[in-house]
């Protein structure tokens, strides 16, 4: 039995831990051979492979990124894509495919299995934690730890009660990183994409905070948007003044707060720092177990399944369950956090 | 309404986050007043209190330890204890008590509520993660991260393939820290209290590892024990040679491995480093939410209840459920990790 | 003998360690009493003081910021400032002043001693490391470690060879943080204020890097400027297209690189994260020793002196020596680093 | 021109940064070819080499350990050693050798150059910082940061004022790590090999500390020894009671303190954790510059020289200067720290 493995989509700490878990158990317990496909779906499309055996996965557990490379290539949007994938697998005698990725990558796996009979098992991946069907995704805990450490350091300046501190964190469609790092870091305002914010309310919280001689720390997800009026879009869109804007919501918000409250504001934009580097212990544990259980699913012939965390158990759910809808922050959870605002 | 709060048992990162959550929500949403009891159950026994209001909890979120202090004082083992606790609460007009602690501290709360009508709500606490009724306890993630970081650093030496590296981590009765940090750190042997180890097997794994020019890293819980023969007990017990032993299982194991394999072995004993310092983001999130939900339970008059994590939800369970039995490592989980041994 | 202490200027990890060193040695070895002045020179100007004794400095060693508060108040720019400072010291029986600060704060101390006879001892402080007279300033090592950690994490994304990663670090007038973190982090381009950069050269380095299938990491000091043409100024200046620009050099550079090379670029702006939080071990060691030696200087009546690091020794230099000129990066040092560019 | 590189002695964070600096500058600026010798002096003795070019040093900057491997093999204690080294170099057309190591490894280089004409340039290496001729050695700052972080975490437990906390750190012959981490971590007692300690004095400090409701933290170098009487030797020596002792000074000291003060004591033994893992920013900066300057020395034909740090400059000194005497802690420095004891 020969099993192919690929990783698709954006970087995510823990990808290598999944790969290692798959290979160690696959080789040692099931006697499988492995083929690593390079750069996500580009690998099976173009037949680009790499050796994937026990020596190849040595030492990769603590390393960020993915030894297999990644891409956003989509065989469903490629001429003759599914057939080319099937041909590659057939030529290389690959009997099953473990697909590690987010919504797009897994969506392809679901379709290739359901409509083209390509035997896929899925492993959910996103630092944004916005995939349905699993309690948590690996990479998220690492991102939250990094953002929380940054917020921790800003408290020192906040204590000097002179400046508003705005931290922009990842999260285009879901505010999980903002919510968790904001809660863990003791932020005074948390803004998420799920709920448009009222700039007046934000400024009121900011001013309230200065009253107790402590500067406010505002955590804002990159996808958060003000309630009305101003458009804040990166790369080429016009803002409400008709100017081309380069900067993101963090810079914009700091600028608005300065103008409205008269307080200096400073911005931290963590960017890709949140998705790189060594995974946290939790993410390594989760990713390793995902890998072990994914190869079990292959062994059981349970194709079309995706591994998922439920409580402390790894379970299997249909791949489609994860890709059906973005898992956004429950309004009740956001409201729960509201006790710390202002 | 006036609510008392106490923390009992050993240090645990996240205690202050719980206290802050309780007070912030209690004051701001419910209008409660608070009384902090010092040093666990000693506080209500002796009427030793401290101010506990919004300013008192400012800045404590990232700090390890507990601003309330702690102790192992047990009112059930103190003459007239329960009556003294009731008298203190009555004299101070304290209407309810939030009790944050482990097996012992919560056991007292369960009894005081069930048998003496002291209105208690429980919050589970242990870095060992060995309390039933909750998926995870706060403090555990922090401990695992610290141990994992230590193991990460040892891989550098392991790569020089010259020495066996033994890391002793916490866990007298349950091997959760050893299991998780061992998995996350890529250890080659993990030894837990739940399953007596075979020294010959350990040495076989060790020797196998050297064959691939990489030194073995052995993670051992402080409560792990060899299968037969030798007694390894700290503080005053005799070992099998009739000598008084000072050192723990880590030193003993390193010594045995040296003698049997002829390889040098070095020991790291992390000790209290694992239970101090700032909590991880996960632990702050969990502890904060435990605090928020504990005061909700008080507000609902749901005494005898303990907050707990189930999946991503905070639920309530009877306090007794947590203290009924130590939550040990499931043999299936330990076996799952076994693919990485040797 | 009563000694006053004040801290002026921006936040800097290690300030509390200096204060603790001064007080511990001053009280224990010399039997001095201390007066803490609040918020830099505002304290002596307005007579705003706080208790400063052994209990007041307990536990502050690892904490960022300053328990004394800080400000940019300048008595030389305040009506009757020097006289007011002298009056306060006289009224409070303060016999000497330890002044911890950067160029501005120390400049005041130099003048107050030279021209008004206020007995000052100086301690140099700046995370930018741009004070003359001392090998290193405390706070700098912490800032460099934080920036280096961020760069480390970006290498994961760089390995996916898809995007240019721009990191903006502190340094308005001197590029020390950029140079050291860029060297330590393995950046491919380092841009400092001391030398205007050629955008074409930067883009050539960037493109060269992609050729080896590895994305470039560009570290840019906030005060770095392109050689000609475009103006990049924060807060209200027009850029070359006549648009009001909000963002800093990092965003601008990423935008230019995208336009010229056609490669996506992402920005990380660390901001105040670099100057907050717990100091590194080196900074605590240096700051502690500065404190111990500053109080020795007071004891010796060596006013007008500033403590400084030379090699591994703490020496005394005239305060004016530190404030005479900004210590910028030596062109030879910058050139030495150039071997890693591109 | 072909240059050989070897690394000898114990692990030390920064070794890879030196190697990378040598190769990057040697290839790019001087057009040299390189030969990597494996496992210290064993490499040239046995002709065991590895490829060492620009791709070989990619990504190694942040990694602990050494890609070249290390050993304690000594050609001066090997039959016909110097001649074999010369023959290897001759056969491989290696014109010069950069030797990165501690006292022993560099001592060999000094002799091979002085007596056998083998053209060596030295780079000093030891985490213990005990080499003369240089202000600091790389690896030391990393070790001190790790130990300081551990001490930081212990303060949480110390605040509960219940237990004495003993931390054993590296340092057999010199107390630099103990002194610096003890100072940076705010330890209450620091014990170093340079000065035998008085157990009564240690216990007096311990008891004094409890009086202010704070438990003492004792940092002890592994080579520290009590003033009289008891022998504390690892591995097979008898202690004063005639028992075989396994454990080190940390365990012994905790045991003695418990017996004499009646206070519980707990030990942390960091072990090899201190010398593994990623180097600090300072160590990477220093190691990188050592590498750049070592290859400059080769280019200048300055054999028999060793690079060294003086202030902020890299200078050259005779190799013998570093190996002449262990650089121990100056009694005045130890006394300076004494203000924080007790």
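As written, the chains take the letters A, B, C and D, and residue 1 is the first residue of each chain.
The rule is simple: a contact is a pair of C-beta atoms (placed from the backbone, for glycine too) under 8 Å apart; a residue touches a chain by one contact, two chains touch by 3 or more.
A quick map from chain label to UniProt name: A, B, C, D = Pyrophosphate--fructose 6-phosphate 1-phosphotransferase.
In this text, all values refer to a predicted model and were calculated from it rather than measured experimentally.
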Open item on the list: Going only through chains that touch each other, how many steps at minimum separate subunit A from subunit D?
Closed with: 2
Open item on the list: Find the pair in C-D, B-D or A-C that has over half of its contact pairs, by residue number, in common with A-B.
Closed with: C-D
Open item on the list: Please identify the chain with the largest separation between its CA centroid and the CA centroid of subunit D.
Closed with: A
Task: Between subunit D and subunit C, distance of the C-alpha-averaged centres to the nearest whole Å - done: 30
Open item on the list: Could you work out how far the Cα centre of subunit B sits from that of subunit D, in whole Å?
Closed with: 35
- [ ] Could you put a whole-Å number on the gap between the CA centroids of subunit B and subunit C?
- [x] 40
TODO: Indicate the residues of subunit D shared as contacts by at least two other chains.
DONE: 152, 155
TODO: Assign the assembly's chain-to-chain touch graph to one of these shapes: line, ring, star, complete, other.
DONE: ring
TODO: Please name which positions on subunit D make contact with subunit C in the complex.
DONE: 24-25, 28-29, 58-59, 61-62, 135-136, 141, 144-145, 147-148, 152, 155, 180-181, 183-186, 214, 278, 280-282, 284-285, 288-289, 292, 310-312, 336, 339-340
Open item on the list: Could you list, by residue number, the parts of subunit D that touch subunit B in their complex?
Closed with: 11, 13, 63-66, 69-70, 146, 149-150, 152-157, 159-160, 163, 165, 241, 243-247, 251-252, 255, 266-277
